[in-house]
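Only one structure is covered here, and it is reproduced in the block below.
Letters A, B, C, D and E mark the chains in the order given here, with residues in each chain numbered from 1 onward.
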Amino acid sequence: MNAEPRRRPRLAVWKFASCDGCQLTLLDCEDELLGLAEQVEIAHFLEASSASEPGPYDLSLVEGSVTTAQDVERIHHIRAVSRRLVTIGACATAGGVQALRNYADVAEFQAAVYARPDYVATLATSTPISAHVPVDFELRGCPIDRRQLLEVITAHLAGRRPAVPAHSVCFECKQRGTVCVTVAHGTPCLGPVTHAGCGAICPAYGRGCYGCFGPGDSTNFPAFVPLLRRDGMDTLDVVRVLRTFNTAAPEFDAASRKELDR
Amino acid sequence: MTTSQHGFLGGLPPAHRDRLTAFAQEVEISAGARIFEEGGAADRFWIIRSGGAALDVHVPGRPPPVVETLGEGDLLGWSWLFEPYRWHLGAQARGRLRADEFDASRVRAACGQDPAFGLAVTGAVAAVIARRLKATRTRLLDLYGPPGGGAGGGDG
Amino acid sequence: MTHRGSRVLHVGSLSRVEGEGSLQLRIRGDEVTEARLAIYEPPRFFEAFLRGRSYTEPPDITSRICGICPVAYQLSACRAIEDACGVTVDGQLAALRRLVYCGEWIESHTLHVHLLHAPDFHGCANVVELARSRRADVERGLRLKQAGNAIIELLGGRAVHPVNVRLGGFHRVPSRSELRPLEEQLRRAREDAALTVRWVAGFDFPEAGCDHDLLALAEPDRYAIESGTPTVMPAPHTAGLPATSRRALPTRTFGVREFGDHVVESQVPHSTALNARLDGRRHLTGPLARYAINGRLLSPIALQAAQDAGLGDPRQGDVCRNPYRSIVVRAVEVLHAVDEALRLIDAYEPPPSPYLDVPPRAGTGHGATEAPRGLLHHRYTLDAQGTVTDAVLVPPTAQNQDAIEEDLRRTVQEQLRSGDPTDAELTALCERAVRNHDPCISCSTHFLDLTVDRAGGGD
Amino acid sequence: MATDAGGSAVIDKDGLDALVAVLAGRGRTVIGPIVRDGAIVLAELGSGADLPYGWGVELEAGTYRLRAREDGAAFAHSAGPQSWKTFLHPPRVREWSADRSADGDLVVTEETGTPPAYAFLGVRPCDLRAIAIQDRVLTGGRHADQGYRGRRERAFLVAVECTDPGATCFCVSMGTGPAAGPGFDLALTEVLDAGGHRFLVRAGSEEGESVLADLPRSPADPATREAAHERVAGAADRMGRSMPPVDLRTLMRETLTAGRWDDVAARCLTCGNCTMVCPTCFCTSTEDVTDLTGDHAERWRHWESCFDLDFSHLPGGSVRESPRSRYRQWATHKLGTWFDQFGSSGCVGCGRCIVWCPVGIDITEEAHALHQERESRAARPPGPESPA
Amino acid sequence: MTTPHAVAHSAALPVPHRVVTRAAEAPGVATIVLEPVRSALPPFVPGQFAMVYAFGVGDIPLSVSGIDGDRLTHTVRSVGAVSAALQGLEAGATVGVRGPFGTGWGLPAAAGRDLLVVAGGIGLAPLRPLVRAALAAPGEYGRLNVLIGSRTPQDLLYAPETRGWAPRARVLVTVDRPDGRWRGDVGVVTALLDRAAFDPGTAAAFVCGPEPMIRATAAELVHRGADPGRIMVSLERTMHCATGHCGHCQLGPLLLCRDGPVVSWTTAEPLLLVREL
């Protein structure tokens, strides 16, 4: 005997400057996709549906970074029609790889790519969603992890705080039983300063973590950077590895600037 | 009861306590009466024998909010000891108030004449101020507001 | 009521594609004077910020151009840089690359076939709606997609932006026993893929053609995926054939290093994607081109499935130029990729080292692979220390833009001639026409706003 | 009869192979050291041939390197990246699941099923003590961790005494090695000399004796006994590290406000590696998960660490916000308050935390520094206290 | 102190309980009464806590604020996801409960002594069963004082009941922020000590509230000559497993789920003096 049918929560998925990989992660939940569609009303998800329902939405997942003036307007609108707004992926939480423009002259960048840069309207910076509107939860990763995405959604449905720890990748590496690539092989690895969540994939494949989940909640770069140097990285290498997919994350940004100032 | 040891007078050595109480004059203040007002001349002070007093602040347009209440044994008023001898707060009797009232100028004069007595009185008043300052700081923390509070609070 | 007026419309957004763009139609009477696919996905400047990076980084960095086909970017980048450094990856390492690429074809094509394209043929807005009437077909698709992802996850660590691909090979290679569970999953997937070909072959396809040069990589003895030589089959009109012709035409080839001489990008004011043309002409890359150029090299079961699905026999010179039927070609390619993956796993022996050393040297290198949506070309110039000094990436959708616009124009034009379509009908039609090409709009687009600008003709 | 009265014997490599086979034949999953990914890790043994014959390790703070040995020894290595807690107290377990029925009732289902019957081959004396310590923590109090108890009670422990300690070992300081203490079913001592490559075996339990009886063996001869004894005694003299010779519990209690904690905090990455590799660290967190219907919930438990900022989370924030306080919590717990809580030290001197700390923080060095700081403070003439 | 009992089931498993009543207590605070759906938990003593599980959300430690046979009363304030879920439950809902855990107040050890109960905010919840137990045993103890500090008059817990404790107990209430109608005391709870009726040298004190309030109260009592060993305080750290196995609730040498939450001031004082312990 069922209670009267409760209103299904309405889900919306939005895209800003990004590669689509994070929203694709939702479609990569092959085992759960149809079940999810029974529990929530997928009201707006352009990549997956041509039926777009107007707001308000109970949960908005936002992918991508803000890089144009129209983006700024659009994210304010999305915030206004969303009860909870969750940003997904490094672009949305830290500006993404395209935030490398923040260090350069955008006009120069445009000229490098486009013969007629004047055709292209873009902001000088790529910024995370949280730089523009309040965000209820940030899910890290370039790309996000499928299990974590499901956890965020099911936690939202259950009214639970998502179990998405902010500690270092080392936690996951050890739990996975991977031999530490830094200690045992002398491979530079950003694991100790990187936010967990991927499941410590790179060390499991014998390479050092390259920080695609951005900084963890407790980093110590002055102690950490010498370790990268010990294992063979020079200043430029250190700067490059910090300046990739989470380059504009404050901790990575500060550490890379400090390196250049040396 | 703990009053006698721990009230204001409890903070004075017996000899000085007797000397101070010699200045006292017992008074009774009817319930709800205003005892003094913010900014008024602090020419007296009291040690409460029974009943209580509420200290309040004047805020235009609303009833004066009570910031602290005093009860038996408490010192009511310390502004009389420091220039410019003006009340920082207002005070109102809560219920019928019986108290020992002191003439501030006479006590100050006695303190001036006898440094030992003066030091004792000043020290006892300072102890009261220190306690109230500590209490005020504790309240500033708004400890009972969320979050916090006993074993019943932990939450994920 | 007639719709032949002077009107400007903004219609919703094109969905079930990846990327942001808008569509502009200018109609005068019953004549389409202009059809523009305006990609306005904000620029991300990959080519600019690749300059100054280490030569080891482009595989990981360019993977972030596209979450749908990251393996294509990784392997095009690897090939280009290895070319610059004079290293050739072959043997089992090359086989593993082909295997992970098969995973991407299976995953990406199945995503398009089941989740993005099939709903069009059933009048559904999305796969969830489709699942209400075709649950088993949708579940089969999800299973198939999962099998593709399983390959990428095993070899790459994760399905999106895998981490294991590197210059010279892989960070870590699997043991035979690690591949074994994959084999079981793929055997089931092969059945699913065959059923999918049969399923989509039964869809209702409008009669249509395309009159573009077709461009795909080709290899002498196998269906080109992760390597090959650019090969062109000219457009039917050059041989006096109609756009709907199913006849193959003689092909010509050029070297990967000459790619830039033949495929030239230009910029148009309405788009943030660069528009590429082949020897000055519109061209199409992707499944239709691959099938036309390489179809005869499909695995036997894929060939048989293609014939059973009505695509004709590529060994007899049959090609498919109907964009609507691209869904069938994709399904055939999925079957081929599953079959190929099984073949590769069966023949797998772990290589002695997971990667070859790729020492840096000054020079320019080219690399092209067949992304699910078509030929993806990378070119890098390195200095002696291995710092990237120049990078040029030509994604398939940028190449296809002209062809897509032409298909749109043709589709709308035919519609206008045969009736009096409403704007809503036109929008739906245009969306379908665009989806036929599975534009990887992330490499280039997302919202597609349709603007119909109808300038009055007769009235 | 090749087993003497004390339940000891000598086996050779074939005997070791047989040991693996016999244990497997008794339905046990045999876990032991193997070489993988450039380290000697603990994994299921297919046969005795999987053992790391001819491999040793070079250890330093923050560094681990596998080194080939010419002598072909199987156990001439010290603690690797994992400890046995990986199996007895696994990184991630489901504790229970719960279902909510249509009428709102709640049905909780405990995880059941027969726990695996492990045989651990190559348990170092320090690790043997570590297992005893986790036994006390997880099953010795009022509440027992039933899952742990099930796995532990069914586990068969083959200790191997240490003959080749690493540069980061300090079991002598902690009184846990290099000779095996109580708790093993069998204890092996590897002997390599002119007399050949062989192992002195002692049984420590009835099942141990029974397993030993199934092995091809010879009596424990005096020469082998003597050689084994010498090798273990020699190992004790070659410890790479030591703790300061003071009561560590008191030292920890008296140095809670030491300046040294700031010093170590400046180096510490708070990455948690030390706690994960520590064979006694037992901390866990739980996570509650639900499926998409919301009517099925599960409680999972996973390893956690006091280096996690969230570990001491209270509604207002974390209690131990600073890295200083988190390192101090770990070290003082390990060396000091563990006594208060569980009646022993929490440190067994295996040195894993030193090796696997990426920046090479060395708990023995920190303890020495704390000791020195306390000494110099005591030596200083009493001066005015700094303001509270 | 706790009484040992036979553990019939794993203490890690929640036992289903039904919400019998739910009463809004104060803004964001509710009191729920739970009864076992099937089997009951072993008996609780005042000061002990249970882990209460909101389905799919998680569990949190909640002291018992009332004990009535198998029925457990909890007073919960919404400060996070789980407490918000529990606080919002209606009668008829099912929760999971584990327990009893931790030390109790140890009231019986205070026989013959004046009792001083000092509560700050939600800290009154774990003290209520203690007061009830003391009132239920007239003659067993000396004078009973209940000192309550609250943020505002609206936040006062169990208002009708606490009034009913007088005159058997001396009940003194003070608030931090009075409203216009409040005629009672204003100030910190320690200020009420002057008006409590107890012999500081021999009295037994029971204190629960935010840590700074506990420290201030205990210090004041010690200053007045109280024996730190007879000042019992209830401390807060995050309990997760409650069975002493997860390590979260450590405070120096203590595992508070096992050695606490109630400890004597002798034990607590040196620990609370160390920052971030």
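Here is the rule we use: contacts are C-beta pairs under 8 Å (C-beta built on N, C-alpha and C of every residue); 3 or more make two chains touch, one makes a residue touch a chain.
These figures come from a predicted structure and were not determined experimentally.
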{"item": "Set of chains adjacent to chain A and to chain D", "value": "E"}
{"item": "Topological distance between chain B and chain C, in contact steps", "value": "3"}
{"item": "Two chains sharing the most C-beta contacts", "value": "A-C"}
{"item": "Chain centroid nearest the full-protein CA centroid", "value": "A"}
{"item": "Farthest chain relative to chain E (centres taken as mean CA coordinates)", "value": "C"}
{"item": "Identity of the chain that, by mean CA position, is farthest from chain A", "value": "B"}
{"item": "Rounded Å distance between chain A and chain C, as computed from the means of their C-alpha atoms", "value": "26"}
{"item": "Distance between the centres, which are taken as Cα means, of chain D and chain B, whole angstrom", "value": "62"}
{"item": "Rounded Å distance between chain A and chain E, as computed from the means of their C-alpha atoms", "value": "43"}
{"item": "Chain B-chain E separation of Cα centroids, rounded to whole Å", "value": "32"}
{"item": "Sites on chain D at which at least two other chains make contact", "value": "288, 290, 294, 297, 313-315"}
{"item": "Junction residues of chain A - those touching two or more other chains", "value": "158, 160-161, 206"}
{"item": "Sequence positions of chain B contacting 2 or more other chains", "value": "146-148, 153-156"}
{"item": "Touching residues on chain A, where the partner in the complex is chain C", "value": "15-25, 27-28, 30-31, 33-34, 37, 42, 45-52, 67-68, 71, 96-98, 100-101, 104, 106, 108-110, 112-116, 119-120, 122, 126, 142-143, 145-146, 198, 201-202, 204-207, 210, 212, 236-237, 240, 244-245"}
{"item": "Chain D-facing residues of chain A, complex", "value": "1-3, 32, 35-36, 38-39, 151, 153-155, 157-158, 160, 163, 165-168, 170-171, 174-180, 182-186, 189, 191-193, 206, 217-220, 222-224, 227"}
{"item": "Residue numbers on chain D that touch chain A, as the complex places them", "value": "36-39, 41, 62-66, 81-82, 86, 91-92, 102-103, 266-273, 276-277, 287-294, 297, 302-303, 305, 307-310, 323, 326, 355-356, 358-359"}
{"item": "Chain D to chain E touching residues, read off their complex", "value": "95-96, 98, 100, 104-108, 110, 137-138, 141-143, 145-146, 256-257, 282-286, 288, 290, 294, 297, 304, 306, 311-315, 319-322, 324-325, 329, 332-333, 336-337, 339-341"}
{"item": "Chain E residues within the chain D interface of the complex", "value": "4, 7, 10-16, 37, 53, 55-59, 79-80, 92-96, 236-238, 240-241, 243-248, 250, 252-255, 258-259, 274-277"}
